[in-house]
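As written, the chains take the letters A, B, C and D, and residue 1 is the first residue of each chain.
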Amino acid sequence: MTKLSNDYIQEIVKECRPFASSGSVIDHIPGKDQSHLTKLGITVISNDGEVYSAGDDDYVFSLQSISKVINLLIALEDFGEDTVFQKVDKEPTDDFFNSISNLEDYEHQKPYNPMLNSGAIAVASLIKGTTVDERFHRVLEFVRTITGNEKVDMDEGVYKAEVKNGARNRSLAYFMESLGILPHQELEAALDLYFRVNSIMVTSHELAEIGCFLARQGKKEGKQMIDPRHVGTTLAIMMTSGMYNESGSYAVDVGFPMKSGVSGGITGVVTGRMGIGLIGPAINKKGNSIAGGKALRKLSQDLNLTLFHT
Amino acid sequence: MTKLSNDYIQEIVKECRPFASSGSVIDHIPGKDQSHLTKLGITVISNDGEVYSAGDDDYVFSLQSISKVINLLIALEDFGEDTVFQKVDKEPTDDFFNSISNLEDYEHQKPYNPMLNSGAIAVASLIKGTTVDERFHRVLEFVRTITGNEKVDMDEGVYKAEVKNGARNRSLAYFMESLGILPHQELEAALDLYFRVNSIMVTSHELAEIGCFLARQGKKEGKQMIDPRHVGTTLAIMMTSGMYNESGSYAVDVGFPMKSGVSGGITGVVTGRMGIGLIGPAINKKGNSIAGGKALRKLSQDLNLTLFHT
Amino acid sequence: MTKLSNDYIQEIVKECRPFASSGSVIDHIPGKDQSHLTKLGITVISNDGEVYSAGDDDYVFSLQSISKVINLLIALEDFGEDTVFQKVDKEPTDDFFNSISNLEDYEHQKPYNPMLNSGAIAVASLIKGTTVDERFHRVLEFVRTITGNEKVDMDEGVYKAEVKNGARNRSLAYFMESLGILPHQELEAALDLYFRVNSIMVTSHELAEIGCFLARQGKKEGKQMIDPRHVGTTLAIMMTSGMYNESGSYAVDVGFPMKSGVSGGITGVVTGRMGIGLIGPAINKKGNSIAGGKALRKLSQDLNLTLFHT
Amino acid sequence: MTKLSNDYIQEIVKECRPFASSGSVIDHIPGKDQSHLTKLGITVISNDGEVYSAGDDDYVFSLQSISKVINLLIALEDFGEDTVFQKVDKEPTDDFFNSISNLEDYEHQKPYNPMLNSGAIAVASLIKGTTVDERFHRVLEFVRTITGNEKVDMDEGVYKAEVKNGARNRSLAYFMESLGILPHQELEAALDLYFRVNSIMVTSHELAEIGCFLARQGKKEGKQMIDPRHVGTTLAIMMTSGMYNESGSYAVDVGFPMKSGVSGGITGVVTGRMGIGLIGPAINKKGNSIAGGKALRKLSQDLNLTLFHT
């Protein structure tokens, strides 16, 4: 079997980079444009702390939807499963990540899962703190701790762009207010918090650290920061819904929990073995990094990472 | 940690049986009625061949949707992944198992996955053989071999009821003909084969054997009967879509691949460890066994079977 | 054939009132509650100015969705058909009046018609004026003129309740912003104007005057206030979409253009013959007055008012 | 105002023919291909029997969906409104004519209206007769009588093509069986009858005669063949749903009841004044004749035919 090494990761980068050109870079994020099409950075951190990294692993980008994992972990700690899953279900959906139609389903009346924008906004309303600022700093501090990088911070320009282009998310939030999921007084705070956490800047190193934190069942430097049960719940949801409406294909082809963001990042988690961070800003129509997806498939096959084989 | 034993399984049966009363038994299947509400049988077979069994484990019922797993394995062997996934996707959906609406989605135009009725009928058209009879006997022989029970057979009465109540499935099939997925000359054969395999009669023992066959990556008595890659593909699809539109909750609460049928059966697969067969004919609105679901949650927790914890 | 008279209208009121008890009164509107269940007021004004009226014709209620007709007439005058129908289509839909799903239809991307809440909010953005106040007063002045009642005014309490319960409409507005239909800077103004016009208070007399104004093709006291072509367009849309997703039944049973509101009002228009105003606050699930609907059916049959018979 | 004359109709043909080139001719109908793109025939028959005709008014084509009007009239006579509207609703929809999704709406559970394929198949099951042959000949005889043309007949080739391309309609029929709308024993007969009536061959003359028959409220040569109430019901449904999901635009632009078919025919009805028959085989994506639609708009404007103006 293939052995993990910097050379091996370098090889993957070289092999997968060409696939990016068929996608496109989200252009409402400041500082990102089509010139970044061919960037690809990969970092793998094994559970025993070895780091393997290559390519554009210093390329800085915003968390975007990977924030949904962070918020879910904290909300589960803050309020517990019962309260969280009263507001949002755990079921995968065939709808796009920013879909509103399923909220109108007259029987269901809540977001299908916390990996959809609607579900993530509902989850953001369940992070404790007296002000948005306080709540955001709790989240930011958590990200700094689990990534081991005290310099991680939000980008003001990205945040402003999030707010400016936030009409669709605002529509989702008001719809949830009308369903009784999101109290009126929580609406602006939940949206603001959601936009801010989306705007936290990272590289593939931080994504790998996040993945590794989950692969270690919520432990950082020996300290249990998140209840392993909540980590398990989050990983199961990432398994069925983490890659938007491509989650099923990724379950077959890659076979472990992952979460992607429209900035082109992906965090992968192989419980007990490793965390994987990828960045490839050229995404396909479903919102997933094209080169990143290729690289994950390759890594899973070469290193036999799928949960569905022995 | 809890240790597997007949007594332990007996305890689970006793604990979970009471939950069944809130469901109902599908009544279009001959010989099944509400008097079977409280039946519950559980069989676990470990990868090294130990059998633990209790409750109504001699209760005979039809495979129903668990047939979808069998057909998918054979179709993958017969035609390979490319051909199979040209006709049917691998994505989970929030729709009910017998839904037709998503076929009308003008971009998608194929069933979301092989665990839906539509997808399963498409898959049934990809089982080789010159006649339906020949094709069915290949499937039956396969089931007999992997369950190690030469007496497994189809029930004529159940089959006739399937045909008689087949309007919805026929509607799905004709819709797929109109989309070009199901050739006109294959339509009746695919439906007939689908109805017949649904009507194969088993107990929780056979379901556990099927689960164990998959947990051993497609090996029976040392012989590799199905390519491990096809087993992995099937397990990944069971993980995201095996429990209909409750698959997400089961991923969180149970955490390994399963497949249910409306007769109340469930097959569970813990790769490398065990296969689980359950029968509890009282099902909920989404088509899953209520007592069976309870028992699976308990087993997963007690024996730490989830893929998302260490 | 039956002849119009106060006695005849009185008879209709008596006959139709009992049907109301199966519905319910919208209770988010201040001053309205289930004690109003059995109210029914009917006023008919013939094109030559005769007034026939009976029952609770002095019962005061808010325009609610009947405002959609008023706003459409003014927007057509202010911007013309091309601009208006770039933002909103003219097609009937089977969806509920406050539906958002159809906005997500990836081909369509605009409200189906101006009688839906979404369409009406889009139309409200096309009423000229530098401030919401100025725009509202243009609309109010128009209503005062065509009803011949200078005392018609908005109710502050109803308006506040509209704003307070406005989450669903706000969700529709932001979704339309995300589609590019409603510019961000127009959004709050359009919503505010929409809520205000909904809160204009009337009786069955004013509704009959509005109907009569349209039956006279946009003339008031000899003065052509609205282009007859715009009146025709509005009437055609009322014909196919005026009674929400019961419009088809009303076309068959009543057979002329109508518009209803959730406060229980209906305006009917028999071009060249008469305007009809009804109020019956007990509405059914689709949002239409139950007793009002009965009365319209009776009037149409007795007086042979349908457009589809000679 | 413009006066009806052969010259005037000739002028309309000349003016509207060029618009056809943007559409396409349905090619599953034998004998029809893109070479017929520019054909346009128009016939108008006034209520007092004057005939005005021009263009390709001898071009022979199949009734296709215009058959839905014929079948509805006969079913209403055979079983009455209550029975017919238990099987099919009267509401317009935004869905395409061959849509199945709305049948899956768990509250509604029947076709929205008789102008959809689903609704028309349900209606075809309500035409009396002991055999399909007998039922078809009743319909054919009716068409011959109301068009005054004893030679009108079905085309065997078109019928065979209808059957061969019938998968979508068969899917609709089986779905309705599963809903309990279409009894199993009626299914094949209803489909067969539907296909046959679709295959009756006509020219614009026959379409104008059908329109005129309805404009005279169901009278032919002084004989009341259809209850005027059933004619009214049919016209109201044509008004809200006769032009598929363009019915709303046609209500605004043309303003009287019409019905189109995918072969490019349209029948228009101006109650008390005239029947209009058009054929222009180039249709748009929604299934309506492009040149025919242009011609109707022109006729309505020139002759002031809309019901929504005086």
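We take it that a contact is a pair of C-beta atoms (placed from the backbone, for glycine too) under 8 Å apart; a residue touches a chain by one contact, two chains touch by 3 or more.
The shown structure was predicted, so the numbers you read here are calculated from the model rather than taken from an experiment.
A.B. asks: Which one of the chains is farthest from chain A, going by Cα centres?
C.D. replies: That would be chain D.
A.B. asks: Return the distance between the CA-based centres of chain B and chain C, expressed in whole Å.
C.D. replies: From the centre of chain B to the centre of chain C is 54 Å.
A.B. asks: Rounded to the nearest whole Å, what is the centre-to-centre distance of chain A and chain B, using the mean of the C-alpha atoms as each centre?
C.D. replies: Centre-to-centre distance between chain A and chain B: 32 Å.
A.B. asks: Measuring centre to centre with CA averages, how many angstrom lie between chain B and chain D?
C.D. replies: Chain B and chain D have C-alpha centres separated by 47 Å.
A.B. asks: Counting only residues that touch at least 2 other chains, which ones in chain D make the list?
C.D. replies: Where chain D is concerned, no single residue meets two or more other chains.
A.B. asks: Please list each pair of chains that are touching.
C.D. replies: Final set of chain pairs in contact is A-B, A-C, B-D, C-D.
A.B. asks: Can you check the complex and tell me which residues of chain D touch chain C?
C.D. replies: Residues of chain D touching chain C: 89-95, 102, 108, 112-113, 217, 228, 231-233, 235-237, 239-241, 245-249, 251-252, 255, 257, 271-272, 306-310.
A.B. asks: Could you please specify the touching residues of chain A with respect to chain C in the complex?
C.D. replies: Listed in rising order, the residues are 99-101, 103-104, 167-168, 170-175, 177-178, 184.
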